[in-house]
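Once you scroll down, you'll see the structures, which are given as structure tokens.
The following pair of complexes shares a single chain, chain A, combined with chain B in the former and chain C in the latter.
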Partner chain A sequence: MLPTSLAEAVEALGTSPAAVPVAGGTDLMEAVNAGRLRPAALLGLGRITELRGWRYEDGGTAVLGAGLTLARMDRPDFAALIPALADAARTAGPPQTRNVGTLGGNIATAAPTGDTLPVLTALEAQVTLAGVGGTRDVPVSHLLTGLDPIRPGELLTWVRVPLLHAPQVFLKATGRSGPARATASVALVLDPARRGVRCAVGAVAPVPLRPLEAEAWVAGCIDWSARGEEGATPIDPAAAAAFGEYVATACVPDGYGADAASGLPPQGPTAAALALRRTVAVLARRALGRALK
Partner chain B sequence: MTAEGIAQMGTEPTMHPAQPGDGRPTASYTLRVNGFERPVTDAWIGESLLHVLRERLGLAGAKNGCEQGECGACSVQVDGQLVAGCLVPAALAADSEIATVEGLSAGGAVSDVQQALADSGAVQCGYCTPGMAMAVHDLLQRNHRPSEMEARQALCGNLCRCTGYRSALAAVQTVADQRAAAVLEAEAAAAADEASAPSADTVAPAGQEQVAAQPEPPAPEPAGAQVLDPPVYQDAWSGTATAGEVPVFEADGDWIAAEEALPTADGGVGTVPAQGYPGYDPASYAQGTGYDAASGYEPTPAHGTAVPPFDATPAQGTPYEPTPAHGTATAPYDTTPAQGTPYEPTPAHGIPHQGGSYPAAPPYAAGPYAQAPYPGTAYDPLGYQGTPAHGVPAPATPFDGTVYETAPGTPEAGTPAHGLLLPEDDRA
Partner chain C sequence: MTDQLDRPAESTPAPAYGLGNSPLRTDALPKALGIYPYAADLWAEGLLWGAVLRSPHPHARIVSIDTSAALAIPGVHAVVTAADLPAQPVDGGTAPPSDRGAERPVLAADVVRHHGEPVAAVAADHPDTARLAAASILVEYQLLEPLTDPEQAFNGPALHPNGNLLRHLPLRHGDQEAVGEVVVEGLYQVGRQDPAPIGTEAGLAVPRPDGGVELHLSSTDPHGDRDRVAARLGLEPDRVRLVVTGVPGATADREELSFQVVLALLALRSGRPVKMVLTREESFQAHGGRRPALLRYRHHADAQGTLVKVEAQILLDGGAYADVSAEVLGAATAFAVGPYVCPNVAVDAWAVRTNNPPAGRMRGEGALQSCFAHESQMDLLAARLGLDPLEIRRRNAMTTGDSLPTGQAVTCPAPVGTLLEALDEVPLPALPLDDPDTPWLLPGGPGGAGDPAAVRRGIGYSVGMVHMLGAEGADEVSTATVRVSGDHATVICAAVDAGQGFATLARQIVQSVLGVSEVYVAPVDSDQSIAGPSARGRHTWVSGGAVEKAALMVRHQLLQPIAADFGMSVELLSIADGKITSYDGVLGMPVTEALEGKELWATAQCRPHPTEPLDEAGQGDAFVSIAFCAMRAVVDVDIELGAVRVVDVTVAQDVGRALNPGQIEDRIEAAVAHGVGAALLEDLRTTAGVPHDLSLTGYRLPTSLDTPEVRIATLVEERDVVATFGAKAVSAVPAVVAPAAVAAAVRAATNLPIGRLPIPPQDAVAG
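Let's turn to the complex of A and B:
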């Protein structure tokens, strides 16, 4: 089935809820090729042109179509709009994957290493789910944590992202210099209107994590009036380093990577937890430094 | 092949039609591959484009490397976009324009991209080459003068375990240079035409009417209406018909033959035309003398110089004595070698030391092993930084998990995933 409009697609999914909606198929076909998934039917979303762009809404919100490809998000016009999302899309994979992989597919797959997920979490984006009965808006964090999952027959259509007009940074640590899955990723956005910092750490847990206390603490350490001035130091380097440690300790538990079946009592953080904490701490510190530069 | 022929191929067991009743939903659709309509009947909907191209349509150019989109060997273009063929459901690529590597060599001649890849040595085992050719082709379609970094980013999804990518990057530059030179030539030719054109206009004022009276050049037919039957080639080895695939050497109408054997003086069968080799003794290669079954096999080294028969090694029944690769037979190891001196191991730096045994290794004065209690106890590797992938050793860092600080003046310790060193702005 290859519907050409959103209404057609929603109706087709309503009549056959077992069909798997396919946009880029990069995650889906990997599972199909490996034999983990045997779809009863496919619902191709590639022809729905209205979902492949974005529009603006009142209140400083960009409404991104779920069919927006990662390659499209890498282009300069989009990067000027939401730079962190463009950075995440750029590092998401090789060109062969980014040419077809979509924003909506990244959210719907909800892989732990999904690169756009920490950015959307930090931006506190909302997704629109369209069903036959109507549409509903769900915060992306509720969707990812399973608090409010996609119901059968619902299609992820739009992603609402607030336009903050402030520096945003996405940093990702990988095992090699080419495109690879993240070992840890950090998205950090500044919200100067509310004098807030929002940070999300991806790939260390099944869902992106928000270190809320560290965010609130570091927002108080920033000299917001000095930000953007030439030669100013909006934050003490020691505070930035401490922010990194704070984020890392909040997001990586002591027992990370420990073998639960061994039954040994926990004796401090594991080596894996220490290594990952150091990675996350460096990423968070650098992200803050780049955002405040 | 006619349409019936293709339909008949669909019923052959090699085409793996899904059996009715096995619960797998199937679909029939038409793919447009390299400008040809290719019907696919009763294919499971979960089949990837790569599988359909290779197994149902006989286009084996795209290779199946990983089926996960990691290796890029299956790269094809769908609607002008480079994609991994293994990650595209073929049923959803119906009515899309699919371009495979077979389409690059249209008309039987290799494209400039393929020629450059071959010339620059980017083809060793060749498994990644179709995907690499598609990636280079796609890059140069979008970017006529790619920089080194742009070329690296465009090829970053194509893994090659043989060549180390240098030659592929060189091929990109070669093709870009060739195409730029061709454009310059065409412009120069057009300028020359223009210089001569005004005279023709002034000579014949009625020329405009003539031009108007001339029939319009035939508009290029749409590719779909042009040919519906893809060209069919017979595979010389397996005898299977391959539709739509153009062998590289089809222009000659034949396989590329190996070097023809030069006619020799006596022209006998089994004569080796090896006169150019130093030390060649024609007598030893005369008819029937090269191999004497009665005397057993005498190994001849690969460089073709006949060695004297082994004294100590008769043909059969005696223990095997290994012959070193240089082909010179040595005496057994337990005796004194030919030069008459006992064997002493020479260190790698080539200067034999005087004593009979090695002196004790000096203790490590510097480096990550300095503090290690080197001989005897197990070394605790926690403090060892390792060398990062970019080859610049990281400065020494305490391994207690504190903040990792890059020493000023040294390159960034962590290179971001896209390979670009970002500005040095993070020592906040």
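Let's turn to the complex of A and C:
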């Protein structure tokens, strides 16, 4: 099935809910080709041009089409709008993948290492799901955690991202220079209007994690009036480092990487947990530093 | 399209040919355009597709195999198990030592000894049907405890009737009681690098009317593979014909034996052509990788840093079957000290059997593991004595005439000191901090998390060696035929060009000897005379030697009648650009005229001098010749995240004679990339014998962003008098040396011990 309009696609999906929508296919087709997945039918979204762009909505929200490619998100006009999402898209893979891989695909696949997911979580984005019966908006975190999943016959159409007009950073550690899956990633956005910091850690758990207490604590440590002034230090370096540790401890449990089969109660954090915490702490500290620079 | 391709060729001058020049590979353009055919592109009318069922367990007893469900699937034409093959002696029996993998069953009969071991195979009319049918074969396993720690192999239960010890080599050289004033110790670990060829295993088998089979494979050892397949199938070798197709990447051996035999067996059973292409996951399971190693070293030196004694224990994990572990262990032991003079050496080396993934032959296998350890030790010693890393290497460097710990005198050129000097003369790359305008690719890559404030630069050196040709008494021989007719010559030699450039070299040799610019190299099949495997850097020497001899014989046939006509000896005539000229330039004649429409041809053989096996004390003249390489690596390390980027690698290499400098530089670059992969990225990790992620996302190969700028400081051309043209093999030794150089540089940047390869990021986190 190759619908050319959104309405057509929603209707097609309504009549055959077992069909799997496919956009870039970088995850899906690989699984199909390897024989791990045999969908009853495929719903190709490539011809729905309206989903490939974005528009503005009143109240400072950008509405991004689910078919927006990662490569398109890396372009300067988009990067000026939502810098962290552009950063995530840029590091999401080699050019071949980014040219066809889409924002909607990244959300629907919901891989733990999906690079746009921590950014969307930190931005508290909403996802619009369209079905024959109408559309509904779901917070991206509810969708990812399975609190409010995509229902049969629903198509992920738009992603609504609040525009904050403030620095935002996405950092990822991979252990190599070429494109790779993240071992850990951190998205951090400033919300100066509300004097808030929002942070999400990716790749360390099945879904991005929000260290809410650390966010609230660090927001109180920032000298918001000094931000952006020449030579000012909006945050004490020691507080930034402590924020990193706070985030890491909140997001990486003691038993990370422990052999569950051994049955032994964890004796303090494992070596793997300590190594990962160190990485997350460095990423969070650097992200905060770059956002406040 | 042809027009477009031809045009640039007209505007550029005719490329120089012959030895010492760098002509392009003839298959370079088709490969770049994507029209070069590989085995996966083959097709035959009415072909069936093969699929293999592999063991999901690293160690289990097969209780029963029920193939009835697979046979009942429409479209399935053949299902085979071990019962369909002639019985093989389980211990490998009386197979010749050249039969690598003699004890490896084609399909597991009673016990599976590693994850992914083939158990049964299917031929069906569609690849999906074949895979489905393979998956529907019911195998009842009785799980056995896997033995995955090589240190447990000595006392653990025997995994095979041949025992768990594949080889033990106790090398003793010099005074065992000697003690040095300074002693440094280290423990080193090397991971499991996989060859990960860019094209997975693929092939086509066509049954022949005489009951034999024709195999189209990307083999790198056509005659060896033919003989092994025939033996496993119980056929005479002449009933199996092997045609070599394009080889999509090979580090030495390629298609594993089981794949070839199963393909042939399915074709014989179904009476139809059978094609099989492995998936990436199967490919990782099928071929053997590098042997993980555990190396314990103790170096003794005097106060000036001169080596007094080296003690080492080397343990190689050979995987489930012996394969070439014995040969690899020989190299690891003989080169345990590195290219240094050391009067007293004690090495105990073992290769053991485990239930881990199989091991095969990689570039510089054995030597690479030792090189990481001995070079790390030299750096430790330098640090202890407060010496410069280059200086300690200079003080101990080997030269021609010095002896290896095996007692063998190094008679070939050993310009280790010259190589080190050359490295020192190349300026270091600029530090981007000094020049803010230069783009700086931080560790972690573009758009990564790198922070210049946390980046430290490190510089490391290493020197290493590998042997060329088969060692320890292996019979090395190659045969080639050269034919001249009209204005062109043809080379027929069964040496497979797996990308290393032998076909180009063969053309250059004939061009130089016969003065003919048009030289064709015939495709390889097993009907030609034996040339041996494309491994251990042997074809430049043995097959190059055979081509040269044959070309010289043709030249003699061509010139003798003319020399008689002119009344001068053959030596006074020369051939260039298709023209025969006398020494004084007075008399001349085109080659085509001299041939008088005849065709001249000759066949010749090259067999280097023999070697001997290492004895029970590890002594003996085991190697024909040795190549050396020195390297300097410059790395940037993000010391908070442990991310490493190799910025620059400078190479000084002993090449004997540069027969094709362009090709040599390419080979060095490729080998450095391979070595950087071993140093930082490539490791096929397992838990209890089961590999983690058998994909190219999980198994990280170096990309262009991970590979450094490679600079050649010098190619030292000191001719090896016994080698063909005095040239040495170039492909393996930079891969052996690079991991040690990168590790040394990371050590310099972080002040951390760095005892594991590939270096895990957490090992490079300082402070």
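Note that the second predicted complex is superposed on the first by the 293 of 293 C-alpha atoms of A that agree within 3 Å, B and C clash if a C-alpha of one lies under 4 Å from a C-alpha of the other, contacts with A are read in each partner's own complex, and residues count from 1 in each chain.
To be clear about the criterion, contacts are C-beta pairs under 8 Å (C-beta built on N, C-alpha and C of every residue); 3 or more make two chains touch, one makes a residue touch a chain.
Treat the numbers as computed from the prediction; the structure is a model and nothing was measured.
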With the two complexes superposed on chain A, say which partner A:172 touches: chain B (first), chain C (second), both, or neither.
-> both
Go through the superposed model and pick first if A:44 touches only chain B, second if only chain C, both, or neither.
-> first
Does chain B (first) or chain C (second) touch A:91, or do both, or does neither?
-> both
Touching A:26, do we find chain B (first), chain C (second), both, or neither?
-> first
Kindly classify A:267 by the partners it touches after superposition: chain B alone (first), chain C alone (second), both, or neither?
-> neither
Does chain B (first) or chain C (second) touch A:34, or do both, or does neither?
-> both
For chain A, which side has the bigger count of touched residues, chain B or chain C?
-> B
Identify the overlap between the chain B-contacting and the chain C-contacting residues of chain A.
-> 34, 90-91, 94, 171-174, 176-180, 278, 282, 286
For chain A, which residues count as touching chain C in their complex?
-> 34-35, 87, 90-91, 94, 171-181, 183, 275, 278-279, 282-283, 286
Chain A partner, complex, touching residues on chain B are 24-25, 45-46, 48, 67-69, 72, 75, 78, 81-84, 86-89, 91-92, 94-95, 135, 138, 153-154, 156-158, 382, 389-390, 401, 403-404, 414-419, 422, 425-428
Residues on chain A engaged by chain B in the complex (per definition of touch) = 2, 22, 24-26, 28-30, 32-34, 37-42, 44, 46, 71, 90-91, 93-97, 99-100, 171-174, 176-180, 182, 235, 237, 240-241, 244-245, 271, 274, 277-278, 281-282, 285-286, 288-290, 292-293
Within their complex, state which residues of chain C touch chain A.
-> 128, 131, 279, 281, 441, 443-449, 451, 454, 640-643, 645, 680-681, 697, 700, 702-706, 761-762, 765
